[in-house]
Each structure stands twice: as C-alpha cells, then as structure tokens.
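Take a look at these structures.
Heads up, the next two complexes both have chain A, just with different partners, chain B and then chain C.
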Partner chain A sequence: MTGILRKLHLYMAVPAILLFSVFFVLPLAQGINISLTDWTGTRPAYNYVGFQNFIDFFQDDRAFHALKITLIFGLISPVLLNLFGLIYALLMDLKLVGRGLVRTIIYLPVIISPLIMGYIFLIMLNSNGGAIPSILNGVGLSSLYKDWLASPHDAIWVIIIVNLFQFVGGPMIIYLAGLQSVPSEVKEAASIDGANYFQTLWHVTMPLLIPAIRINVITNIIGSLGVFDVIVSLTNGGPGYWTESLSMYIYRVSFEGQTGYATAVGVILFVVVLIPVAGALSLLKKADYDS
Partner chain B sequence: MKRSLMLTVVIILLVSLIAGCGGNADKNAAKDPNTAGKNNSAEAPKETVKLTLMNGMVEIVDWLNEEIETFNEQNPGIKVQQEFLKEGSGALKVKIAAGDMPDIIMGIGVPQDYLDQDLMRDFANDKIWDRLVDPSFKQAAADPTRPDKVFAIPFNMIYQGMFYNKQVLEEAGVTKVETWEEFVTALKTIKEKKPEVAPLFLGGKDAWTLGQLVSNLPLGAYQQQYGIKEVDKLLRGNDPQLGFDQPGGRIETFAKNMLDLKAQGLVNENTVTATYSDQTEAIANGKAAFVIQGMWALGDMLKKNPNASLGFFPIPPMFTDAKPYMIGDRDGSISVPAKSEHPEEVQKFIDFITSPDALKGFSKVRNSPSAYKDAQIEWSILSDDVDKIKAEGKAFIATKGTYTPSGYGWDQFGKTVQDLLAGGIKSPQDFAKSFKQDWEKAQR
Partner chain C sequence: MKKVVLYIIMIVLALVSLFPFYILLFVALSPSTVSMSAGNFLMTEIDWSNLLHAWQRSKMEIALKNSLIITAGSLILIVLFSAGAGYVFARVNTWYNKFIFNFILFSLFIPGIINTVPLYSLLRKIGGINTHWAMICLIATGALPFSIFLYMNFIKKLSREIEESAIIDGCSEFGAFWRISFPLLLPITSTVIILNAIAAWNNYGQAVFFLQSQEMHTVPLAISRFVQSYGADYTMMGASALIGLIPVTIVYLSFQRFFVSGLSAGAVKG
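Take a look at the complex of A and B:
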C-alpha cells in the first residue's frame, strides 16, 4: 500500500499520458510514416518512396518561397506583437482615465476569428469604395493609397499589420499582469537611487518581466509560423503564390492529390517551428537565470 | 454537510447514467430483429431511414431544402437531410477519408480517383437518358477514362460566355462584337465614352474567374483546332504539338493580350483584388460593360439588381483560326455511392429529384436550360440570346471543357494569371513556361 501511495503521482499521470499518446504521439508517428510515401489521399494503395518527398520540397521554388514567407511572417510578427504589446501594457499601467475601456477596445479584436478579421480588412482596403481609400481621399491623401494586396511585395506587410492589429491585445494583457506583479518597493528604491523612468524600466522592470516575455514570445512564434486563416481571407496566398505560407502550401498540395508530400512538408514545418521555439526558450531561460 | 453534498452528487451521477443507458436499451430493443416480432409488429413504428445529401452549390441550397421538405412529406419513412459544404470536392475527400461517405452527392465533381475505384454507381443503363434533349450529352457526361460508364446524372447544360450590360453598350454606341479586334475596339470606345465604367471586369481575387479565361480562350481554341475528343487525348498525353511554351503560341498570346488589356486600362484597376461578387455587382449595376462568366452567375447578378439589363453572347476568339466560343458543360449532377445501405430509398429520391417538375425548378434557379425534353421552360432572361446563338450557327459550342490534370484546374490556372497581372511574372513567355511546368508537374 505504501508503495502504491509513493507511486500514486505516476499512476495519476497515466490518463494524461494516454491522451497525449493518442492525440499527439500516434498521429505524429502516422504522419511521419505517410510522409515517406506517395499516397494521394484518395487511393487506398501507396508506395514507400523514402526521403523523396523531402528532396522534392527542397527542389521546389514555390515551396522555398512559402518557407521564406513563413519565416518573414513568423519572425517579424512576434517582434512587433511583443514590442507594441509591451508599449500598450506600459501605457495601461499608468493611472490614466478610461484605461479600462481602452484596454478592452485593444483586446476585443483578439476574440474575433482571424478569417473574419481578414475579410473585414479586405472590404476596408477595397479600391472600389473601401473605407481606407475613401478616408484617404476625403482628407486629400489619395496619393498615399495603393492596392497593396495586389502587389507581390507589399501584400505580406498588409497581412503582418492586420495580424498585429488583431492580436496585440494578447501580449498586452500578459505584460500588464507581469507589470502589476512587479513590487512597487523595488521601483521606489530605484527611484530613490536616482534612476529615471527608462532606467527603472530597463534595469528593474524588464528582468522581472522575463516570465511574461517567455510566454508571449513562445506562443507568438508558434502562432505566427503556423499562419493560415488571415492569409486565406486577405489574399488566399496571392497574388499568384506570393503570400502563400507553408501551412497554405500544405493545404493546397494536399488537396491537389499529394497527401504523402504534404505530410512531409508538415514534418518540415514542425521542425521549422521547433527550432526558433527551442532557441527562444534557451535564451530566455538564461536571461531568467541571470536576472 | 460535506457528506450529504457528496451523496447528492453521487445520486445525480447515478441517475444520469441510468437514464442514458435506459435510452440506449430502448433503441437496441427496437433494432434487435429478435425483439421486433415480440413487440406487436403490426403497430411498432418503422424506423425512419435517414439519408445525408451533400451539396456543393450555394445557389441551390434554398431550392434543395424546399424539394427535400416536399420529398420527406411524401415519403414518411425517409428523411433526407442536406449538408452544404462550399469546398465541394475537397470536403468530399475529407468525408470519404473519415469513412463518412454521404448517401447522395449533388453539385460536386467526384474526384477521378474515386471514380477509377468504382466507388460511385454507374448510371450508364439508366432510363433517364431517353429523356435527353441532345443524346450526345450522355457522352459528354461519361467518365473520361472509361466512356462506357456514367457516374453522375447531369441536370442542366450551362454555358459560359460574355455577359454585357445592354444599357452601357447602348449609351456608348457599341453594337456588334464578333472578333477579338472588334471586342478591343468596343472596350476602348466604352473607356472613352463612359470612363466611370470598367470596360471588362475581372474578379481576380477569386482565382478561378481568371482560370476560366484560360479554359475559354487558349484551351478553347485548342478544342476548336483539334476537336473535342481529340484534344483531350493530346492534352492527356502532353503532346508536343500543343506547344504550350512555344514562342507566339496560344498560351503566350493569351498572356500578351491580357497584359495589353491591362496596360491600356481596358480592365478594372483592381483586377487582382476584386472578387467574383464585385464582378457580378459591377455588371448588374452598370459599373462594368462586359464580364466573362458562366450562366450560374446570372442569379447573383439579378439579386444585386433585379432590373439589370443583361445580354449574352459567345466569347470573341482571341486567335484568327478560331470561331466565337461558347463552352457548355453539365451543370448540377447527382451521384450516389455504389454500395449504399439504403438503395431503394436513395433510388426514390433520385426519381423524385429528376422528375420533370423538380428539373424545371432547378433550371429556373440556375438560369440555364435543362438537359431533358420534359423539363423545358423559359429559364431566364438569356434564353432568347442562347437560342439565337444556336440558330445562327456562327459560334463553336462545346459540350464540355477540355481535359485538365487532376489538381490543376481553374484555381491553379487563375493563380498564374494573378501572378501575371500583379507583375510577379514578367513576360508572356515566362507565363507560358510557368503554365507548361505546372501542367507537367500536375500530370506526374
């Protein structure tokens, strides 16, 4: 009986381990298996082709471009989300009138589906009567307007900005919680020692925000590298394939009857997400330890 | 207090468990054939057969709901339920992969892979073919790889062509448009006399609308050159005589003409970001003079403006050796799995939905002529235009589109045209090379 009680925590973990195995480990193993085949997704039979799918990926210009778009979006978006999230959190931490309302307004877009947000901005950016060109026209700044979504090189920036607008509220809330847990005595002590606001922020507050930074950076990287919905609604990967992310590429080739190949690209995406997340975790763990 | 609360929770859980199991026990008793006789067979209610109908055409959702309601009322032992999925073929693949094959499939092209595996019922010997207006339509509906098999019953013959806004053309003084040169001249006239109107409106954000142009113009010209059956053999075999990437070939000429139209301002400025909905809205409300579309778009156009003054004619040929072109194809179809759990009930529904009355309703809602003799009606404001085109005999009217590799169709063609119009593809020659590369890749 004593032995069972000693190992009770292990037995209690069994249901969670089972769920994890069924919903993560097993599909991952099946996915890796399928990635080594030429399965079309519709025919029951398939052949093992070894690593040919992975070789094909690295020989496909469109696949490379999708990887490039994923990395651009996946690395720039988290930086902007965290930067603006922190700025908003610092502002909301000040005792300003109406900050509760402002906080809610900034956070509200987070609860909308990214697909819907994309369609809202698509309508707003429409050169034929959309809100944004109309406003620019109304204030005499029509020369600033361009059909950005039709431009191969500008469209990705529109997607990044829309994503920033929608999700900046998430990091803001987490940073705000972090800021509000910083003991006021520490900041007062710094102030007494002659530190100004920015010095206090950099040397006192930021080190204590490392846990919040870690959560935000990791979740933003994972979310941004898997971007799909907002691209579907804004550009559907277009014009042409210029804004197609890896997730969209996987979706497209899968429904073109290349399920084995699409699964291989899925494995590649898993690695693409894993590397920066592992890197960020390691860096932030070190920073946490140092602070 | 804690003990009594715990006791209450346990009792509630036990009661819920018993109630749930009790419900299942009743259902199991009804299904069990050994118990069915013991339950006074004369008065035991017959279990209702539920059939799932998967529909991929948004325009017929309401009509289908009404028909299903009528059918269910007339057949108390059968309950058909519609499930609309916009993704069509893609959604069907997911359902079949999940072992959730629908009982009836409407308005969705079943992927060739499934047809090759004989997953769908063969209707080749069905009596419905005796009712066709044009007997050759059965061949157009046949399986491309096994012409003796027909895996879907078509409903209508729908055409793609050139819609025009009658009022805009009248005000601009534009009349006859039969050749590509006349068409470009007409576009220029409209641009000059009605600068607020887009001469030709492209809804490029929905890539398939641009892909349609590829299907109608260069691929349609191949159909005219080689014949409907012969060209499919050449396309399937990727025959070099097609010359996809040949300098001055049909694909390169198509790309050059599209770029010329854009450079001369003869298409809307937002070609790549305007949607199919913008396109139908523009032609219906006089903001566009011409759009190249299928008749399925008419319903949407009339919703946007019930008084829209619209006409229809064949697409002017882009190539000197081609005639004005109107591509027809089956519109709406019904397929059923080869192995059905309820074949009699499914057949009852097929008989109902292919009855003359139902087909007349479909023809009306799709604004296109029925393929069946006993379902002919005045199907839309375009009926006279189409009858005139057929009577004049000047146009090449195809009964089906050309072969395209599996997974490489209008959407994919359209993305390449998007790239061209957005400046991603720099030249018509590059467009032709990209098209050929994608075609060959899709065939592997």
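Take a look at the complex of A and C:
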C-alpha cells in the first residue's frame, strides 16, 4: 500500500521547492559570492577580495559593538520570553473563568507591527507627560524615572522589555499548546502519589514540554538575533551607535555603497545565529534523554 | 483566597496588554489640541475626523488595497504550497525527501539580509520591482520553511488508511489529498493563516526595498511616513495605524479558535 503513496503526490511538493529555489537558494548562492567581493551595489564592476570583508569586520569597532548588542539582546530576550511565556501559560492552563479571553488579549500585541509598538512606547515614555512618567509621578515614585532611551546603558533594556511585552504571547501560546498535550491522568496520578503542584510541574509536566521548549527557544533565538524594527522605532540605533544591532548595521552599510562588506556581515550573523541554536538544541536533547 | 489572587493577576496581565492599545486610541482620536503633556491620559474628547485626515493624507485606500492583495495572495500560496509539500514530506519517507525537508528547515537560520541585494538584482532582471506578484512570492518563500514544518508534523498524525481506501475506491491521488485530508487540516491551516497573515500584513523590511513607488505602498510604509518624512506627526501615525490594525485583528479573531489546538498537534508533539 505504501507503494501507491510513494508514487503519488510527489508533484505536490514541486511548487514549494520551485519557489524556494528561485527566491531563496539562487539569491543565497549569489549573496555568498558577493560577500567575497568589494561590490558597491550600483557599479557593475567588482573585484574578488577573498576574506578581506570578514577581516575588516573584526577590525571595525562599530561592527564589533553591534555584534555585542546583538548577542546581549539575542541571548537575554529568549530567556525572558520563555520564562514569562511559560509562567503565563501555566496561569492560563488553570481552570479559571475567562482564561480564553485573557489568552486572546495577551496575544493581541503580537499582531501590531513592532515598528508601531515602538512608536507607542516612545509616546508612553516621553518625559513630557508620557503615561509611564505620569504613573510613576502619581504613585510618588517620580525619582525612579529617567530618560532611559537617552542613556547608552539603559536604552538596550528598554528595547528588551518592549520586545518582551509585545511578543510574550508567542511562547505563551506554544506552551499552552504543549500543556494541552500533557495527559491529565499523568498529572492526577502524580498528585495521588502525594506530589504538590511544583513537584508535578518539575518532574511530570516539564519533561513533556521539551518539544515546546525546543521550538520556542529556536524561534526566539533566531528572531531575537535578527532584531530590527523595534530598535528602528525606539532608538534608531542611538544614542550614537549604542543600540545598533547587527541587522541594522548591515542595512545601513549596504546603503552606504558597501554591499560586498554588508553581505559578508550577513554571513557572520548566520554563524552568530547558528552557535547558540546548536548549543540550545544539544542541551535540550540531553534533557530529553535524561527524562 | 488563592483563587482571588490568581484572578487579580490575570486581570492585571490583560489590562497591561491592552494599555498600549489604549494609548494608540488616545493618540489617534484625541483632537490635535489635546496632548498628554498635562499628564492627563483620560480620553475626554474624541475627534473622529483624525481618521479621515489620516486616510486622505496617507492615501490609505491605495495602501489597504496593496496590503490586502499582497497578504491574501501570499496566504493562498503559503497554504497550498506548504500543505502540499508538508504532505509529501510526511507521507513519503525517502532519503531525498528528508534531505530537501531538512535543507528547507535549515534555511530558517540564514538571515534574510544575505539575500536582499541579490534578490533586488534578480527582481530587476525579471521585472519584479514594485509589483504585487514579486512581493507575494518573496513573502511566501520566507514563510514556507516554518509552515511546511507545521503541516508535516500535523499530517504525520493523521491516519493514512482513509486516503488509501479513497484511492482504492477510485479517487485520484490528488483527490484523496484535496477532498479527504485537506479539510482535516483546518486547525493547522488556521494556525498557519494567523501567523503568516500577521507577518505579511506587517512586513516592513522587504516592502521598504522592493515597493518603493508611491502607488505600491503598503500599510506599514504609509504609517511610517508620518514619522519619517513629515517629522513626527503622532496623531496621524496613530490614526492610520488604527485603520491598519482593523483587517489583521479581524483575521486573528476569526481564526484564533483553532490556534492552540493547531499548534498543539503541529508544533509541540514531536
């Protein structure tokens, strides 16, 4: 019987493979080729410069800072997103009235463009009567407020928090989906055996959530290391270049006529994404075997 | 008592999530003479004409039309192509299918920026700059890896006996998929539609590159112009953002019923 299914439908994968080849694989091959050149993006002529673009990257302070910002954001954000996403999901998994509505509301910020969410927070943080300083003022905590976005060291935290606020609904919904697939008999059996909520959570639920953790960690790391829109609207990379991420840096230098170099930095970003994802995957694989 | 605390936490979370939407409403609908500088953010006056002005100044009808065409077009490609490919990868377990599937999935790690410049040259050669169809193809291509992954996982859990018996009863191979299996894919199709409708509707990074002509502006481009080219006009930005939120909110609310169950079967059961 498998014979029929083996022949059949193969052609149904063809449209996807075709589209993917033309609009992804082909330009990717060209892109890797361009990363080895000094192409300006406009002039037709270019020279091969070997790995010079990659060497240039590590000698450029601004590029190195962008790499640092990308790593700070790209490693802290996924941790926070997963932690809060899991806590929210556990709360929504309790049999509380109205949890469906609250779940829908918490996911709602995800549907706004990050660009606009950034502008909204810019308005809320405005020192001149924005909602956040006003609230702090109202509860007598105005001393806590400062112009975080103007401070080189604080601005990145504002970006991390705004991003967390906007996208926590994503991991939450995946953890909820994971919690749905934990059979209630298993949890009941644990509680009959005398386990409390947290013991059941740690020893019974968490191991079964590993597929959900895996998909959340991977997609969050990939998304966070490519962070772009929310920085554009909140700080536009400032003050100075303090909050410029690697994707912003690439975007800017490619418009400054350094297309070959910008593409090489793109290749570096790819390696930067790959290392933590590979690390997270092997850790989770280990956890999978242990349980 | 414990329950009361949990309910309070839940309500606070919901209010916090809604707060930026309230700020957006305030900015969008307050008369331009009212500002938050008084530290007062209770909406007392509502000026609906802001919406009209934003509509006219951002040429919103053009932006909405373009965004609708691009979003709907890419969703159709995404659903049909990913369901088809996911079906093949789930059902036919040959080494080359595994290889192609893993290769497509692996592409998720590759930053789009490497491709952007070569894509620009490619699209210029084939006349795709400032066109709906090229943008549809680009968005669909970007969405394929994750969507195929979701469909494949979901289809693996569907029984193949029904399809096989349909084929024995004289159904064509494609018919077995289209009439028997595809309707059963509703939960995962809803999930794929929600995730990708949001991404396509809000697509900014690629639209900036490939849709530079005024006539081809999409909703995010129209909104961002109020902040970038006219100096920051937050009233107009807010009002146009509010208009632009309506279609995607409708899509989200109509498909969210299956969201969790779709993800449950498509993403988190290995």
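Definition applied: the second predicted complex is superposed on the first by the 269 of 291 C-alpha atoms of A that agree within 3 Å, B and C clash if a C-alpha of one lies under 4 Å from a C-alpha of the other, contacts with A are read in each partner's own complex, and residues count from 1 in each chain.
Basically, contacts are C-beta pairs under 8 Å (C-beta built on N, C-alpha and C of every residue); 3 or more make two chains touch, one makes a residue touch a chain.
As the structure is a prediction and not an experimental result, all values here were calculated from the model.
J.: Given the touch rule stated above, what does A:L149 touch, chain B (first), chain C (second), both, or neither?
T.: In the superposition, A:L149 touches chain B alone.
J.: Looking at A:A189, would you say it contacts chain B, chain C, both, or neither? Reply first, second, both or neither.
T.: A:A189 contacts neither chain B nor chain C.
J.: Check whether chain B or chain C contacts more residues of chain A in the superposed model.
T.: The larger set of chain A residues in touch belongs to C.
J.: Could you look at A:I55 and tell me whether it touches chain B, chain C, both or neither (first, second, both, neither)?
T.: After superposing on A, A:I55 lies clear of both chain B and chain C.
J.: So in the superposed three-chain picture, is A:L75 touching just chain B, just chain C, both, or none of them (first/second/both/neither)?
T.: neither
J.: Figure out whether A:R43 sits in contact with chain B (first) or chain C (second), or with both, or with neither.
T.: So A:R43 only meets chain B here.
J.: Is A:L83 touching anything from chain B or chain C once the two structures are fitted on A? First, second, both or neither.
T.: Neither partner.
J.: Taking the superposition as given, does A:N128 touch the first partner, chain B, the second, chain C, both, or neither?
T.: So A:N128 meets both chain B and chain C here.
J.: Is A:L141 touching anything from chain B or chain C once the two structures are fitted on A? First, second, both or neither.
T.: Neither partner.
J.: Where on chain A do the contacts from chain B and from chain C line up?
T.: Touching chain B in the first complex and chain C in the second, residues 41, 126, 128 of chain A appear in both lists.
J.: Which of the residues in chain C come into contact with chain A in the complex?
T.: 3, 6-7, 9-11, 13-14, 16-21, 23-24, 27, 35-41, 77, 80-82, 84-85, 87-89, 91-92, 94, 97, 100, 104, 107-119, 121-122, 137-138, 140-141, 144, 146, 148, 160, 163-164, 167, 173-174, 176-177, 198, 201-202, 204-205, 220, 223-224, 227, 234, 237, 241, 245, 248-249, 252-253, 256, 259-264, 267-270
J.: If we count contacts the way the header does, which residues on chain A are in touch with chain B in the complex?
T.: 40-44, 122, 125-128, 147, 149-152, 235-242, 255-258
J.: Please give the residue numbers of chain A that touch chain C in the complex, ascending.
T.: Residue positions touching the partner: 1, 4-10, 12-13, 15-17, 19-20, 22-24, 26-28, 30-32, 34-35, 41, 88, 91, 94, 96, 98-99, 101-117, 119-121, 123-124, 126, 128-131, 133-134, 137, 165, 169, 173-174, 176-178, 180-181, 209, 211-212, 215, 218-219, 222, 226, 228-229, 233, 247, 250-251, 254, 259, 262-263, 266-267, 269-270, 273-274, 277.
J.: Could you please specify the touching residues of chain B with respect to chain A in the complex?
T.: Against chain A, the touching part of chain B is residues 89-90, 93, 96-97, 111, 113-114, 117, 204-205, 207, 268-274, 278, 406-408, 412, 415-416, 418-425, 442.
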